[in-house]
Amino acid sequence: MERRVRDSFAAQDYMTTIGAELVSVRPGAVEIRLAVRAGLLQQHRFVHAGVVSAIADSAAGYAALSLLDEGRDVLTAEFKINLLAPAQGEQLVARSRVIRSGSRLSVCASDVFAVTEGKETCVATLLGTIAHK
Amino acid sequence: MERRVRDSFAAQDYMTTIGAELVSVRPGAVEIRLAVRAGLLQQHRFVHAGVVSAIADSAAGYAALSLLDEGRDVLTAEFKINLLAPAQGEQLVARSRVIRSGSRLSVCASDVFAVTEGKETCVATLLGTIAHK
Amino acid sequence: MERRVRDSFAAQDYMTTIGAELVSVRPGAVEIRLAVRAGLLQQHRFVHAGVVSAIADSAAGYAALSLLDEGRDVLTAEFKINLLAPAQGEQLVARSRVIRSGSRLSVCASDVFAVTEGKETCVATLLGTIAHK
Amino acid sequence: MERRVRDSFAAQDYMTTIGAELVSVRPGAVEIRLAVRAGLLQQHRFVHAGVVSAIADSAAGYAALSLLDEGRDVLTAEFKINLLAPAQGEQLVARSRVIRSGSRLSVCASDVFAVTEGKETCVATLLGTIAHK
């Protein structure tokens, strides 16, 4: 299971572009980490909502995938994200969980934390629907 | 008004990282364009949902900003995006509109289209809330 | 097609409870109307967000159903609604449209208008995902 | 604090109409309970998504209010709800929590459970933004 998730993550060029790393994969729970750097910022020097969304969404999708049978795949149907605080710090960490894994859809949530000197602040929370293929 | 939006957009390093361009700014309506390229893709070779979200969200935020007085700024409070079709083609175009511009919040929508040989397909639609500062 | 939608609507006890009426059904577009009355209000004497959501969601679901083959049915997977203005007036009208009708999911939008002396004000907008059965 | 929430809840005619009861109010967490009955159902004999949304939204709003100073009030700006399972059983219970209480906005979540013979099943989860007045 972890191999499938890791192979799929490695095939996401965009995760490489932004420097995101897949930290851990457990059944129904995935962690993605990202070093904050200049090329990812918006006009207030916080990490762009699109980057925050990208790691939150990827973590949600892989949490869903981690509970599916071999040979299945996932595609995000939709998500909603609330941005709770400026995404600034040394790193961002996205942690996801599966709320419901159905036959055709999974509902997943992710929280994104900004990390500075080991201290975590929740900067965003996502609730999304992942379609199974 | 257009200058303020263009200055803010130019200060978004992340828009430069992904190669997004601000095409047009009218009161309450902004268009952002992006050339599709390898570094922006996910595992199925479609543009990553995070990139689609990024241009949709930026277009929404700048549409809100375009209706505010000089000196005000905007910050996305939350958005929801439905991914309607694979984001593949030569370019993506995000077009936004302001649904309601209140004193403290704007509600905006964006549609993202994939463009191939001049033909547009709607690949995502966003509905979000932008806080004023 | 219209008969199927009307039969299903008539089987929704809750629509009767709140006094909602199915005004029109066209392929991919449904209109539901509701007379504002005391039992539907919240603490500021506006129509409760739950009632506004109910007619917006029902209109979205029936718009999706109107495009499906005989024998199919629909179930709301999720929706997001922005409340734009106080829901007050003589009547509320929800109008929906199908944004994408896929094989297993439809994406639909609804707008809800408050009507006073023939004048309409948009009080809410919904974007949702409808699962097909 | 609890009195303010209870007074406001009592002023919501619609909560009376559907038979919802405010079970408990703690700082940042509210529980609302509803007896399932015929007038609240949709065409499959499950509780209508609008009713599920109503108690989830009310619980979220009052959780936000419970953390504000005397004299402040709340208004839902938007919410997103995922319907996870058919809302059927003897009762529905909505439990909310405040994710972030800011100066002008609160972000809250609610879960709705269907209860049958003391056994709870999560049937919906809501993530929303509450504006302060």
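A, B, C and D label the chains in the order they appear, each numbered from 1.
Convention: a contact is a pair of C-beta atoms (placed from the backbone, for glycine too) under 8 Å apart; a residue touches a chain by one contact, two chains touch by 3 or more.
Remember, predicted model here, so these are calculated numbers, not experimental data.
**Student:** Centre-to-centre on C-alpha atoms, which chain is most distant from chain D?
**Tutor:** Centre of mass proxy via C-alpha means gives B as farthest from chain D.
**Student:** Could you tell me which pair, A-D or A-B, is linked by more C-beta pairs in contact?
**Tutor:** Pair with the higher count of C-beta contacts: A-B.
**Student:** Express in whole angstrom the distance between the two chain centres, defined as the mean CA positions of chain B and chain D.
**Tutor:** Chain B and chain D have C-alpha centres separated by 33 Å.
**Student:** Measure off the straight-line distance from the CA centroid of chain A to the CA centroid of chain D, and report it in whole Å.
**Tutor:** 28
**Student:** What's the distance between the Cα centroids of chain A and chain B, rounded to whole Å?
**Tutor:** Taking the mean C-alpha position of each chain, the two centres sit 20 Å apart.
**Student:** Which residue numbers or ranges of chain B touch two or more of the other chains?
**Tutor:** Correct list: 77-78, 80, 82, 107, 129.
**Student:** How about chain B: which of its residues touch chain A in the complex?
**Tutor:** Result: residues 8-9, 11-18, 38-44, 47-51, 53-55, 57-58, 73, 75-83 of chain B touch chain A.
**Student:** Which stretch or stretches of chain D touch chain B in the complex?
**Tutor:** 77-78, 80, 104-105, 107, 129, 131
**Student:** Enumerate the contact residues on chain B facing chain C in the complex.
**Tutor:** 80, 82, 84-85, 99-100, 107, 109, 122, 125, 127, 129
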